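Next come two complexes built around chain A: one with chain B, the other with chain C.
Our next item is the complex of A and B:
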């Protein structure tokens, strides 16, 4: 769908031109077809993740934005957080059940930054080891039971 | 779209207008008065009727209308409210008149009709991101950017629900199509805006989605949830049937669909008298979990006990004759014992010998004995099920036979006994099948011994009837055979009734004791 490529193009331009604080699109690692993006995140000042650098990998299916993008943490530093598994999968409802086509790469990044920022104690999800062993490669195939999102 | 919302179920509206005439969902609603009535079956005070897919929609429309004569809301809003209350009209009315209406609407995820006016000018509180486009919508005549595709459109091409969130029609169509086709969502599709839980109504879907495949799927999803939520309705479980049965009150009773399938209204399984739904459910779960059972089904072949040639059962009768010409052993499929004793008065294939079991317990582990006990009942249950699968084969064979006989100066009436015999045979097999489930959970007492005697007797007679029917009935011997078949049929029918009456009486008088929960 050509208009959807257009939307991704626009999203990319906007993010490159006017990136929100702590969010940077790695344009070298972003594929030419725009179906895969890499976004660098920085832990917000005054939070447990201050100064840490993380990387998010976005994958867009042909029905984006009507279907949600696949979003995982990649690279050497996976944040230690109660909603982030050690394989990079993120338990965040807007990435599956609560996805809306009116959301965007930017709003997803901001939600993840704010999820990190509100963390009070750095620890892995309680079911981390079993999940990482048994999960599908694509986090969208996981039937998530959303953890209490006040954490 | 707002102005169209009444058209879906409203007879008075002009349904001939061009954008609606291919709308079968709407048409079904409009034609509701002319829809053909289905037949009602009544036993005692229990009655039911079979609804075709069209009648299901009509019934849904009637429910909406009935409520609407009182509450006077747009039909599409009423539909959402009714599905919120699982189609319980009384409950909806009660809440509508006794409770806080605003809270009711917000629970059901629709914008309260009283708030409509203000809502279209200011976005609802749940909207965080759409302030810009909603404000722009109010400003009118301006081009607005669709937040999904990021293209700009004149205001007239933007649309949305009462919540005020607006997107271009192309994006709406794409959004609804994705929800319906990819996610299989019908009545729970909410507004496309992030965090907005206002539900999309039928008229909106119908006005935005033009692809007939998607429309059909949507209608199916809506009627499906209507049937599944409604305690007085159940889909016929026969594959590809598509009809539903409507009862005057839900109960564990046999209902027969127009397709011929008879099932239990309460649980949807094949009619399973004498066992109760609860025990059958437990049994089915056990069978599904048990690898022994699946092994048994997979290995539906046995060796001839004499010559060890592999034999596959291809008919319903348990009397097997080895096809190996040099062997030709007669044996019983169930116990693999010689057939001789089975043909006469004693038939020992129905009962798990408790003495034997005791011996087994002494010599072997307890778990092994439990497994053997289970396999015993499972074996017999599966065996009758397997035989029932040949039912259609038997019917076609009998039909052919009946035609032959009519050519040999027998009247149509005179040959009906054969069909009747197959009917009774199937009834008995089905009953027997479920008697083993009943027996599996039963604790031994005086009544259970009577039950097992009845079971043994019925099983014996059923096998005899089955064997008569499988024999080659030629027109020469028909006169002799007819009397035998008729007698046996009558006997089976009466034994079946005796067995069921006894179990029912036991239910009423609380005579049955059950095995421990461990099974």
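Our next item is the complex of A and C:
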């Protein structure tokens, strides 16, 4: 438990001190509980999401960073994207199978910004309606089937 | 996209949750019955395991003619790193000169990783813990303490992560060479992200070659499978004098002692 808190403190300070472009940690909400973070994202200039604002909710378990954080889009604007379900769940391999303890909140945010940036057509995943109806609340309980990381 | 079942698929049922719950139960069962690294064991444990298997019994006999005993490691996909780490650190307890060489390599390795683009503050965490254990070995801590460290998940997993990062760093540094050995159209970076850095991903030849190269530690692997009469030894790198020996059975590595 202690190592999770030490690591998250370090990550939080680094993100507050030197945030990547378009990524802002909500420090008020986050300082209340280190195991749940809210991060604001901005769609990158020159992409389909330019000017849009999104919010990510991070939840960390006691085994973090050996277990991946739970990450979903939250708030009123869920990006319309082939890998983002309308309930905010994200199909991204580093959030489950390809998670590594050397990754961080920052690298997750950058991967999500890059996933949005490379999108060519705004649409929901083809199985959105059935997934949203039957899925668990926690996207980590979904067995994701990654078939195209280039979209 | 979420995986869809094909046979008798009930659209209102959540299958994934059941599958993953089942997986967690199995992992817990393994964790409850098997140390990360066991005490030294007599080969009779393997003879019992293969009592009904004439092919493997023959191979265990051939192993017994070359080695004294073994330590088993937990089959959690990290066994190669844990077996390598423990066997080598155990060796370092009695070899000051080799320790001095390795300490230097290990201490400089962080800057190499950072120069390859790994984020400093996550690398630092793992490197600090790794060096803490290296220095315990340098102070010639009792073997029981080293054994305890490797069975304490808080330490043990940090060591595994750092060894994984060393492998990843070496593969990326020598990407031109290693890209010939990666199947499919993945880049070395993608291969490292998917098959090296995540915990629990099993190790193949390419991982062993990279870890022995980056640490400068030669390893003998005794391969035990269905073919032939005896186990087959392979040294990494070829022609070197191995510091440690590992037993490979399909999908798993344990430690061998002469």
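One rule holds for everything that comes next: the second predicted complex is superposed on the first by the 148 of 151 C-alpha atoms of A that agree within 3 Å, B and C clash if a C-alpha of one lies under 4 Å from a C-alpha of the other, contacts with A are read in each partner's own complex, and residues count from 1 in each chain.
By our rule, a contact is a pair of C-beta atoms (placed from the backbone, for glycine too) under 8 Å apart; a residue touches a chain by one contact, two chains touch by 3 or more.
Fair warning: this is a prediction, and the values are worked out from it, not measured in the lab.
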Should chain B and chain C be called a clash or a fit once both complexes are overlaid on chain A? clash
Now for A:142: first (chain B), second (chain C), both, or neither, which partner does it touch? second
Which holds for A:4: it touches chain B only (first), chain C only (second), both, or neither? first
On the superposed three-chain arrangement, identify whether chain B or chain C touches more chain A residues. C
Considering only touches as defined above, state whether A:101 meets chain B (first), chain C (second), both or neither. both
Which superposed partner A:66 touches (first chain B, second chain C, both, neither): both
Can you tell which stretch of chain B collides with chain C among 24-32, 294-302, 456-464 or 492-500? 24-32
Taking the two structures together, which residues of chain A meet both chain B and chain C? 3, 6-7, 10-11, 65-66, 94, 98, 100-103, 107
Complex contacts: residues of chain A adjacent to chain C: 3, 6-7, 10-11, 14, 65-66, 83, 85, 91, 93-94, 97-104, 106-107, 125-127, 130-131, 133-136, 140-145, 147
Of all residues in chain C, which touch chain A in the complex? 1-4, 11-14, 16-17, 19-20, 118-119, 121-123, 125-126, 154, 157, 161, 164-165, 193-194, 197-199
In the complex, chain A residues that touch chain B: 3-4, 6-7, 10-11, 63, 65-67, 94, 98, 100-103, 107
Contacting residues of chain B [partner chain A, same complex]: 129-130, 147-151, 165, 167, 170-171, 174-175, 177-178, 182, 192-196
